[in-house]
């Protein structure tokens, strides 16, 4: 379907941007937990039970995630095979940032975190709703969240993973615009914005985790 | 001494080409498919000829020794290309371009060829723009022009300092289109080793695959040599490392006459030699002389102080500088033709005014241009014209926009900032006006063998004007050869493919093989470069910017001796059938060692001074070149007779119908 | 200066190569890198060792033939220069310098440091041209004015010398900078717009078939490009490609 190199990178960019939008949305909802238990519960309840979200957006999101990482690995394999013979000395740092050269590494860390995250939240959630058919309690979400951040190890893992996500985004978010053909006088502004976003949002997530962890002590 | 027939058509000069095109035989499109043409070389001439011949329908096989046709040395031409477009409305015309070229060539070029060149010049610009060549434009979106040495109009089209690159890539793109269509078969990393003649006609070549070392036979109905000039006979020149005379020399040995070998252009503005390790010289475009002023110190003491590093050029007061070109040639000033500028620089340096460690450099100074442009800019922008720092900054920006890449190149090589301190320049071998003799149809004295571009001799006489080499290469390749070759090929429509399993090909291949094998088996003591450098020294010292009978005779003897030593003692490592750069180089240097001797012989024979050829015996009391029209208004075409010293001279008389032959003056 | 050179030696495309170490003394800081290689080769020949094969021709930074990967960087540590314009003053006495060929699947080694970059030529055959015959009767060169800004940008893209430093440098061995420079040059000129759709589709197809890697926007190519070709060109090619794909 997507056979040319440019089509693939555009697909990578689009799926990445989609995930960035999801991340922003996810952050916004989580952040309400810091100041309002009720708002958080209401929004979570809506997201968890609204059929459009559950049966249209959720599958799209899952497809987006799977597509992004599968394509990422496919491209990485192709890229490695395009070299043929390793350099004795290769000074990558002389001409490109660490982030841009290690997307596969930061991506893989984020992916494994995603596994943990799904195990923590999504599997219990699915179990709750669709396996055991426990009746919905619109106020359960906040407590679940707080409970998860009890363990300092989990919070630590969480923080490290978001660190990698930030590194992934610092290159990936801005780069997606270049992939889609956007490089003009607004590019410096876009780059600044994407970098701020890439650092601020993961920091925000870590803040939320720490906030609940410390508050419960 | 035999007289040569140039086959120049009858009729008034301005109509010769039009009439000739209407009268010559053509090959029908259906028959062109049955005809193969070999082109050797992919510079402007070779690439444009290959593309056009293929467009017309011929089957073209093109050869280049580089890894891609795009690398040919036309790519390094910087300044621009002339065309009589008169876009600037400054009085330019076909006639004026024709006249300037003849005069610039010191009345030693063939009138009809030059007029044809001027006629097609405008078409070249149209063609290149249609191909997507990004020439410089002004703010109205129209093409910009600059002026070049030896003329009083602005007719030079340019693309920053990379005009040759852009034109070559244009021709290369035209070739690519034909390669994609299968009409050109491209042989990269292949070198022509010999011409194959069948029944007196050129019918193919022996080529060597430089990667595998294997010899190949290629047959064709005609062979076009477009392999450039032979400036590398001097070892140090602005030519590329691989530029060589071999293709031209092989056909010379097979019967093509070699014309005016001593007509060599020494370009005045090159970066001076820095040491013995030097492998080549780098040109600084002549366009720099539009804005740069050339000078040396007025006093010998100052020159010495500068050489020893005690004095900086910027510290020297205006009245202590000698702008010798402006002084000697007030009408043209810094824009005198190349031969004149080069000799004047040599004269000053020989007199002890040179400004670098070796004493062989003069200054090319942009300080006043920077101030002039800076003031203009300040005025346009409504800023303070008296603020020296601002003016300098604005001026530097203008200069950067015009010559940025050249200034950067200078800084990388010399490690000095030319925006702050004047550039140092010195003349260097750059172009060879001489070359394979061709008639009006660009055919050599071997039927079916053609020579185009710098490889032939016809258009520039004894000195080439700036921005005319690109014009000639493309004129020959796009607009002349593809038509004139039809006249010859029209007899070949029933010949059928040229077989390569014949004795002629077999013998030629065997000869090449034996020659190469001899090099490998020689096991001598000196490397190929050792001989090339020695040859270069002889050429530069005795056949360089000024020549005399005594030294030329010495040069002939020394080159002959060096050649004999070369065959006895050269050491070529590696094997025959592999990628072997030294072997390829040995073959090229062997040819230079023969050409060098013929070069000196030609220079010795021509006892007049003309253009780039300056005989010390023939000068005016003021030291200007003195031509001898009565005895030397002819082309010297040399026929190979076994050895360079034995070459037989044929004269092609030069008749000027439209132009009155005058003393060239730029005063 | 005295230096130690670690040079990749490989007899031909099929052979397995390895590094060899050569000391070299009395190197002048004014020498160009290739002149230093000349000196080394002269010494090797005298010693009866096969000289090191490397590509080079114009030695003034424009033909694009020289192609060495020096100390981990294409064309060495200096910026905006080709190997032939790199000067020894960029190195210090006692340095060890690693010299390798440009490495990419699409650029097989010919011998030692020389590689085969004909993949670039084939990409150009696929569409790197404007289909206009040499007639001498095309319209006047000034018939279509071109905005200076566009003409200048087209020129900037057209200054690519096809050396392959972008491919050699890119961690993915991607040829996007090279291909996009050509696509951009024509896309910016009215003469080139006519067949822009086919051009970009065909050139990208050929580029992919040659086995170059994919672009991940690291920007290394732009930094190492001896002619400073801008990443803007890649964005432009992406745009051109997208709109061409939609048009079909």
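General remarks:
Residue numbering begins at 1 within each chain, and the chains themselves are lettered A, B and C in the order written.
To be clear about the criterion, a contact is a pair of C-beta atoms (placed from the backbone, for glycine too) under 8 Å apart; a residue touches a chain by one contact, two chains touch by 3 or more.
Given the structure is predicted, the values throughout are model-derived calculations rather than measurements.
Considered apart from chain C, the assembly falls into separate touching groups, namely A | B.
Of all chains, the one whose CA centroid is most distant from that of chain C is A.
Chain nearest the geometric middle of the protein is C, using mean C-alpha positions. The mean-CA centres of chain A and chain C are about 37 angstrom from one another, to the nearest whole unit. Measuring from the averaged C-alpha position of chain B to that of chain C gives a distance of 26 Å. Averaged C-alpha coordinates put the centre of chain A at 62 Å from the centre of chain B.
Listed in rising order, the residues of chain C touching chain B in the complex are 11-12, 28, 30-32, 34-36, 38-39, 42, 45-46, 48-51, 53, 55-65, 78, 80-81, 85, 87, 89, 110-111, 114, 116-118, 120-121, 124-142, 145-148, 151-152, 154-155, 158-159, 161-162, 185-186, 189, 191-192.
Considering their complex, residues 3-10, 75, 78-92, 94-97, 100-101, 103, 171, 175, 178-184 of chain A touch chain C.
Residues 6, 8, 19, 69, 71-73, 77, 98, 100, 103-106, 108-109, 169, 171-174, 176, 204-205, 207-208, 211-220, 223-224, 231-232, 234-242, 245 of chain C touch chain A in their complex.
Of all residues in chain B, only 48, 51-52, 55, 66-73, 75-76, 85, 87, 120, 123, 125-143, 159-160, 162, 165-166, 169, 172-174, 176-177, 179-180, 186, 188, 211, 238, 240-242, 274-275, 277-280, 282-283, 408-409, 412-413, 415, 478-479, 482, 527, 529, 571, 573-574, 578-579, 581-582 touch chain C in the complex they form.
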